[in-house]
Amino acid sequence: MTTSAGKPLAVIAGYGEGLGEALKKTFENDDYHVVTISRSGGMILADTTDANEVNRAFAQISVLHGTPDVVICNTAMLTIERFFSTTSVRFEETWRSSVMSVFNVAQAVIPMMIKQGSGTLLVTGATAGIRGSKNFSAFSSAKFALRGLSQSLAREFQPQRIHVAHVIVDGILWSPRSHERFPALQRENAIEPNDAASIYLSLAKQPASAWTLEMDIRPYNEAF
Amino acid sequence: MTTSAGKPLAVIAGYGEGLGEALKKTFENDDYHVVTISRSGGMILADTTDANEVNRAFAQISVLHGTPDVVICNTAMLTIERFFSTTSVRFEETWRSSVMSVFNVAQAVIPMMIKQGSGTLLVTGATAGIRGSKNFSAFSSAKFALRGLSQSLAREFQPQRIHVAHVIVDGILWSPRSHERFPALQRENAIEPNDAASIYLSLAKQPASAWTLEMDIRPYNEAF
Amino acid sequence: MTTSAGKPLAVIAGYGEGLGEALKKTFENDDYHVVTISRSGGMILADTTDANEVNRAFAQISVLHGTPDVVICNTAMLTIERFFSTTSVRFEETWRSSVMSVFNVAQAVIPMMIKQGSGTLLVTGATAGIRGSKNFSAFSSAKFALRGLSQSLAREFQPQRIHVAHVIVDGILWSPRSHERFPALQRENAIEPNDAASIYLSLAKQPASAWTLEMDIRPYNEAF
Amino acid sequence: MTTSAGKPLAVIAGYGEGLGEALKKTFENDDYHVVTISRSGGMILADTTDANEVNRAFAQISVLHGTPDVVICNTAMLTIERFFSTTSVRFEETWRSSVMSVFNVAQAVIPMMIKQGSGTLLVTGATAGIRGSKNFSAFSSAKFALRGLSQSLAREFQPQRIHVAHVIVDGILWSPRSHERFPALQRENAIEPNDAASIYLSLAKQPASAWTLEMDIRPYNEAF
């Protein structure tokens, strides 16, 4: 909706350095009012894996800013480890972080968006969501689940003008944290967060006669 | 392994009427020793969503019968309902039933199978696992997750001679229960459990130079 | 490249009413110089299924305007008929129209683009290219082939900064001709050519750290 | 049908050493009468890319042996070369060999099979048919096309009891010729033709309540 400040409203769940920051800046530059949700560091503090916290967060947003036009779900736990090193706790947390978060967010915002007559839900997927791999049993299983959820939501709610799109991020997003985790990574082999963010903005702006459910992005020089 | 009775050992987790019974009969007819696990009605009672119960069950099986040659994971909760009718509890249970069960079973049996030098893990998927749909957000998300897990396990363990295969059951398996749930279903439009079971048997017998990761089955007259 | 008029150059192969016209207008509005190729009605007349004609066309373009920055392949023959009504001539023409055209265009322009140091090749796919259907044996087979070709070109040439993208058009593009062919089609259930064209423009403008290989588009109210 | 010799009839189109021979032996061992078609070395000499020769071949088969119960299409031209080394002639031949052959065979045999009330058409696909790659533009495009054709035929004819299945051969079939072409290939990393052939036999024997459209096969030790 148009916020009190006269701007459309975007909410980023799973805000952090890297893609989160870039999304905030990109949408703000396009004249959106942006609200961020995160366990720490967001404008609203909430654990998106907890339905109650998500409901509280969106109740606040609704009162303060109105109904979101765009919600971006960006939470994930990048578990890469041998299957026998993966505890059932870790397996579950990985799923909860990617999938339960989106379930909770969708439960909270889609009804508001339907009432509003429109809305966009953008979900961050990964190559692991279309192809399982060695050492990716937890992460791949979670990202597959997210893709199945996204497709189901699109097929259930698009006729009610709720656009759901799933971005398959096929590469590593550049950030100080990813650089630390993958020291061998060169910046020119990574995805620039600002470039990724511009994809999300273009999805948010798609006209209703040409909605995308799925698109992939990767650096030009990636072997895939 | 060869059981004390001189037969290869097959374990069916998620045993019940319909496919479970048919698998038991089919493998026994092919001279397997078959052990079934179920919350009720199996030869071993265990809730496969609980890692401790799964570990206990396979410890018993190991002592009594040895290391399984084939394990079939057949657990699922067929949730078909509007997204807004799906509680987070139900969403999670649906995932837990399909995915956490296979995680637990794989954690328990793959190490034994590696030690034995071979083993087969067969997993029951669904069309919902390759395509999300309206009213299938929970089930589709769970079956996608199961597919991602199966692919990851195959890629991690096949070089150690553990065959993982994912059967995409694209149709309704005939059983008194499915007949009750879908009263309009004609038997000739359903999958005969014995026919499905023969597919699992053929997967269990594939030679190591020609292993299948994924195959679909459906009735000849199904629109798909 | 920058044309003599100081503008980047876009070439549309398979120009016609509907998407072709919309692409021309959309890219021109974004300050591209646009050249169209078609058997009739294009600025350059050529049958793209014929390698010689394609080579001649791009030789002309090269001399008159320089190396293209963006080439859009938009040729297709929408064959929808029972398999037994499909002659081998028709089957082949359908393939030739979609696939041989792109092969010919890619052979002609990718070397120029590599020399230039960059270039974008955008290809119009269809849902039939990811899923075969009754009465679509010729069209689906051709569109699958086109997808395989697009993926192969992307994997071969992206490291040389040639971006290849395949747009899965899942719906009917609105045009007087499509309206005539599918009289029951309502405009609000069709894809607006201008909306589709804006997708192609956004692909042409993707930064090299976030290139898309595949994206789908469909109207919000389409059952899919 | 039951041949004059009282046996079901299988026809192998694209017969040769390796898989062709193994299929012949495997089906004969299972008490099929087997007829082979090939440009050279088959029991019936015909170029399957030519509709007239295919029609003549099946007319002969029909007169001499009756209507086939199973037809296996096994023709291919394994083109692996840089895109710029691929001539349009070679690109077309690669397509013609894999796709036009199956089109011609399907046109000839499906009507007979429908009249007979049943029949099975088994088609040899490849990983290249589900994923394009560098140096595979011709082969991948052809194998994608074959997959789209197979899916379309399945969806059009399965309700008439014609089973169509597409085997994704993900690996190199062992043969003197493949050994010569890929000298580094170890036999234990290749697919044994007899093992692959047993997959085709199991597809031919699937009961009508559980038909497979697609399955993959690969050696246990393949990285995929």
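Chains: A, B, C and D, in written order; residue numbering restarts at 1 for each.
FYI, a residue touches a chain if its C-beta (ideal position, glycine included) is under 8 Å from a C-beta of that chain, and two chains touch if they have at least 3 such contacts.
In this text, all values refer to a predicted model and were calculated from it rather than measured experimentally.
Enquirer: What is the shortest path, in steps, from chain B to chain C when you may only step between chains that touch?
Expert: Steps on the shortest route: 2.
Enquirer: Hey, what chains does chain A share as contacts with chain D?
Expert: B, C
Enquirer: Would you identify the chain whose Cα-based centre sits farthest away from the centre of chain D?
Expert: Centre of mass proxy via C-alpha means gives A as farthest from chain D.
Enquirer: Nearest whole angstrom, what separates the Cα centre of chain A from the Cα centre of chain B?
Expert: The answer is 32 Å.
Enquirer: Name the residues of chain A that each touch 2 or more other chains.
Expert: If we look for residues of chain A contacting two or more partner chains, we find 155.
Enquirer: Pairs of chains that touch, anyone?
Expert: After working through each pair, the chains in contact turn out to be A-B, A-C, B-D, C-D.
Enquirer: Can you tell me which positions in chain D touch chain C when the two form their complex?
Expert: Spelled out, the residues of chain D in touch with chain C are 51, 82-84, 88, 91-92, 95, 99-100, 103-104, 106-107, 110-111, 128-129, 131-137, 140-157.
Enquirer: Contact residues on chain A for chain C in the complex?
Expert: 155, 158-159, 161, 163, 188, 190-192, 195-196, 198-199, 202, 206-224
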